[in-house]
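So, here come the structures, one by one.
Two complexes, one shared chain (chain A), two partners (chain B, chain C).
What follows is the complex of A and B.
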C-alpha cells in the first residue's frame, strides 16, 4: 500500500505503537471519561463507523470540489502570470498577502455572498487550496529556462500553444508540490468550514461529540480524518510519481 | 546560385547611451542554395547573437535579414535551429519520437499518423532506430543532439542554423556527428549555416568560411573551401588546401584577438 520499502515501513510503525501504549497506560491511571485511552476510542470507532463514514463522505466531496475549482482556475492563471511578467509583479504582493491570511478568516466575507450552504464551504476550500497552487505554478512558470521559449519560438508556436505544450508540462514538478499542499489544505479547511458553518460533515460530527463531552467519539472521528489524510496523501504521491516519471528520471518499464 | 539567406549591414547593440555594448557592427554576407557555410570568429564576438538574428529569434538593432527574398521578422517557415544546449532544447516529458514529431507542430496538412511516421523516418536517418520510445534523458549527449537534429529536419526545413551543436560532445563523437551532419545536409538538400569556435571544424564542414572580427563585429573576410562535398576525417584534414585554409582563418582570428581594442585611446 505504501511506497516505502518494507524495512522502512516496519520501522515507521515503532513510534506510533509506543505512543499508543503510553497513552493507554496514562488513560488507565486517570480513569475518567474525559481522558479516554485508545481502547475506548477503538470501541467508539466500532460503534460509530457507519455514521462517521457517512459524514466523512460530505466532507470529502466538498474538499474535492473546492480543490478542483482551485486547480482549474489557479493553474492556468499561474502559467499566464508567469508569462505576463509585469501583471505578475503587480499581483505578487497581493498573493503574498493572501497567503498569510488564514482561510477561516474569509468565512464571514464568503457568507455575505454565498450564505452557509455547500457553495460557501466550497468557496472557502477553493480559496485555501488556490493559494499554494497559484504560488507554485506562478513561481515555476516565471523561472522557466529561456531555452524553452527559444525552442518554442523557433518551432513557430503561438503564445497559447507555448503555454499549453511547454510551460505547463515544464512547470509540473513545482505544480505537484502545490497540489500536495493544496490537497492537505482542502481536507483541513473542509473540516474547519463545517465547524464554522455547521450543517453536516465530519467537522460537525466532531464538534457535537466534543460539546457533549463524548471525548472518545471525538477522537474516533479524528482518527478517521487522519486515516483519510494518509490515504489521500499516498494516492497523490503515487499519481505524482506516475505523471512525473520524466522529472524523477524513472524508467517505469524497467522497474516492474 | 539562388540566394537563400542574406544579411545586410546587420548591427546589434545591447543597452543604450554610454553603457551600450555594440556587439555586431554591420555584418553582410549571403548564403546560396545547398551551401554549407561556417561562421567563425574570436570568442565573444557575438556569433550566437548573429545566428539568433538570422533565425528571427532576436531583433537586430539595424540592418536586415532576408530568407528566400522575404524579410525575417520572426522565425520563418523552413528554417530550423539546432541549439548547443541539447539537454534543454529537448523536452524531457516527451519520448524521442514525440520530440521529433513536435518539430512538425506547425506543419499543416499532415495527420498525426503521418507526423509519427515522418518522426520515425528522421530518427532512423540520424541512426537512432530502436530509441524511439526512450526519453532524451536516457541517451548520451551526442545521441540527444541527434534527436534535436532529427526534429529540425522533420520541421520541413530547407535551412539549418547550427549554433555550436557539437561544442558539448566528446571529440570522437564530434567527428562522427560532423560526418553525419554533412551526410544529412546532402540527403535532405539542406542549406546549412554553422556557427562554431572550432576552426578545424569550420573548415572541415564548410564550402565557405565567413571569418568575423572582434567586437564590434564585422565580416573580416570569406574563404572558399574547394575540397568538394565528400570529406574524410583523415585525408581531408591532411590535404594542403585544408591546412592552408585553417592557417588563414587562425591567423586572422589571432590578429583580431591581439589587435588593440578599437575603443582604446
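What follows is the complex of A and C.
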C-alpha cells in the first residue's frame, strides 16, 4: 500500500466527516438523551474508558480461552477425520448440520451442564470457534495432494508421523482461513454469551447501560468493541502472512 | 450423467447412515444413563416435545417468523451490499471514504447492537431489519468490491471495443464476472443472518425461535430445547439451499463451465 496523493487522502475523509456531522445535527434536533450525538459519545468514552477497558479485558480473556480450546481439540480432530476417510465421510453430514446451527442456540443446553460461570461461556465460544476450524482442517486434509501421501509412504512414516509432518503443514493455509473465521466468531459470540449468561465483561456492561437508559455510554462501549475487533482481526492477518510466507511466496511464483 | 446420479444417491445414503449412527449413539447414551436423563432426553422424548410444539402451533408460527426475518434480511442486505459495491466501483472516492466506516462497523457483534437499537427502533420489524442488515451487508459488499476490481482488463477492453457504454460494461461484463464471488459472500451472510435473528430474538424478542428457545430453557422443558435446536439447524440447511438455487440462476455460468471441464 503506497501513500495516497494528498487530494485522494482528503476525499477519503469527506464521507466519514459528513456522516458524523449529519449524526450530530440529527442528535441536536432530536435533543433527547435516547439519541445521543457523536459529541456525547466522545464524552462518555473519555469518562468511562478505564471501566470499559477493564470489562473488555474479561471478554477478551474468555474469547482467547475459548479459541484455544477449540484449536487444540478441532485441528487434530479435523486432520484425523481427513485421514480416516470412512469415518470422515460418515461424520461429514453431521458436521454440515452442526455448522448451520447458530452458536447462541446452544446456550440453553450449555447452561444445563455448566451453569452460567466462566466454563459455560468458554464452552459456547469454543463451540462457535470450533466449527470453522474443523470444517477447514477436515476439508484441507481430505483434499490433500496424493503425492504427499506417496512421499510419506516412501519415507516409511507411521500414521501419526504422517499426520504431524505431512498433513498438518500441508493443511496450514486452509487452517489459517479457518483461524481467521474462528477468531472473528469467538469475539462475536463472547459478547453474546456474556449477555445471556451475565456475570461480567463488556456484554454485561452494555446491558447495564441499557437498563439505566445510558445510550451514549453504550455506544462508547460499542466503539471500543469495534476498535478491538479491528485490531485483533488485523493482527491475525499479519501473523498469517508472516507464518505462512512460504505459501504466499509460492502463489507469487505460480502467477508469473 | 449416470455417474453424477450415482454420486448424488451415494451422498444421500451417507447422510442417512450418519444420521442413523448419531441416533443410535444418542439413544445409547440416554439409555445407559451416563448423563442425567433430565438433561439428556431420549430421541423419543425429543420427538414428543417436537410434536407437542407443532400441535400447539407455537413452533410453526415461531419458525415462520424467524425464517422470514432471516431471508428478508439477507435478501435486502445482499441487494444493498451489491449496490454499495457498484457505487464504490463507479466512484473510487466513495469507496475510499466508505472503507473506514465499513472497517469499524463490521466487527461489531449483533448482540452488542440489540440493547441500544431497542431504544431507537422499538421491538418491531425495524429492529430486526436494522440488526440483520448491519451485520450481513459486509460479506457481499467486500467480495463485490474485490471481484469488480479484479475483472480482467481484456474483458473490459473487449466491451469498450464493441462500443458499450460504461453502464453496459458494468451490467453485462463486470457484474456477471463478479457474481460467483459475490455469492460466496451472500452464502456466508446467510449463515450470519440466521445467527443475528436468533440472537435478537433471544435478547429482545417476544416471538420467534430464539425467544421460544429461551422460554423453554427457563421453563426447563429440555426435550423441547433440543427439538428447537434441531429446527434451528434445519433452518440453516434451508437458507443454504435457497442461496445455492439463486446462485445457479445468477452465477451458474461458472458452475456450468466447471462441469464441462470435468
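Just so it is clear, the second predicted complex is superposed on the first by the 231 of 256 C-alpha atoms of A that agree within 3 Å, B and C clash if a C-alpha of one lies under 4 Å from a C-alpha of the other, contacts with A are read in each partner's own complex, and residues count from 1 in each chain.
Everything below uses one rule, namely that a contact is a pair of C-beta atoms (placed from the backbone, for glycine too) under 8 Å apart; a residue touches a chain by one contact, two chains touch by 3 or more.
On a predicted model such as this, the values are computed, not experimentally measured, just so you know.
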Partner chain in contact with A:221 - chain B first, chain C second, else both or neither: second
A:198 touches, of chain B and chain C: first, second, both or neither? neither
Chain B versus chain C as contact partner of A:21, first or second or both or neither: neither
Contacts of A:155 with chain B and chain C, given as first, second, both or neither: first
Contacts of A:105 with chain B and chain C, given as first, second, both or neither: second
Partner chain(s) touched by A:147 [first = chain B, second = chain C, both, neither]: first
Superposed model, chain A: greater residue contact from chain B or chain C: C
First, second, both or neither for A:53, with chain B first and chain C second: neither
Residues of chain B touching chain A in the complex: 52, 55, 57, 74-75, 77, 79-81, 83, 85, 88-89, 91-93, 102-103, 105-106, 135, 137-138, 155
Chain A - residues contacting chain B, complex: 145, 147-148, 150-151, 153-157, 161, 165-166, 169-170, 172, 246-247, 249, 251
Footprint of chain A on chain C - complex, ascending: 14-15, 17-19, 21-22, 39, 93-94, 96-101, 103-116, 118-120, 191, 194-195, 198-199, 202-203, 209-210, 213-214, 216-217, 222, 225-226, 228-229, 232-237, 239-240
Residue ranges of chain A touching chain C (in the complex, touch as defined): 4, 8, 11-16, 19, 34-35, 89-94, 97-109, 111-113, 184, 187-189, 191-192, 195-196, 202-203, 206-207, 209-210, 213, 215, 218-219, 221-223, 225-230, 232-233
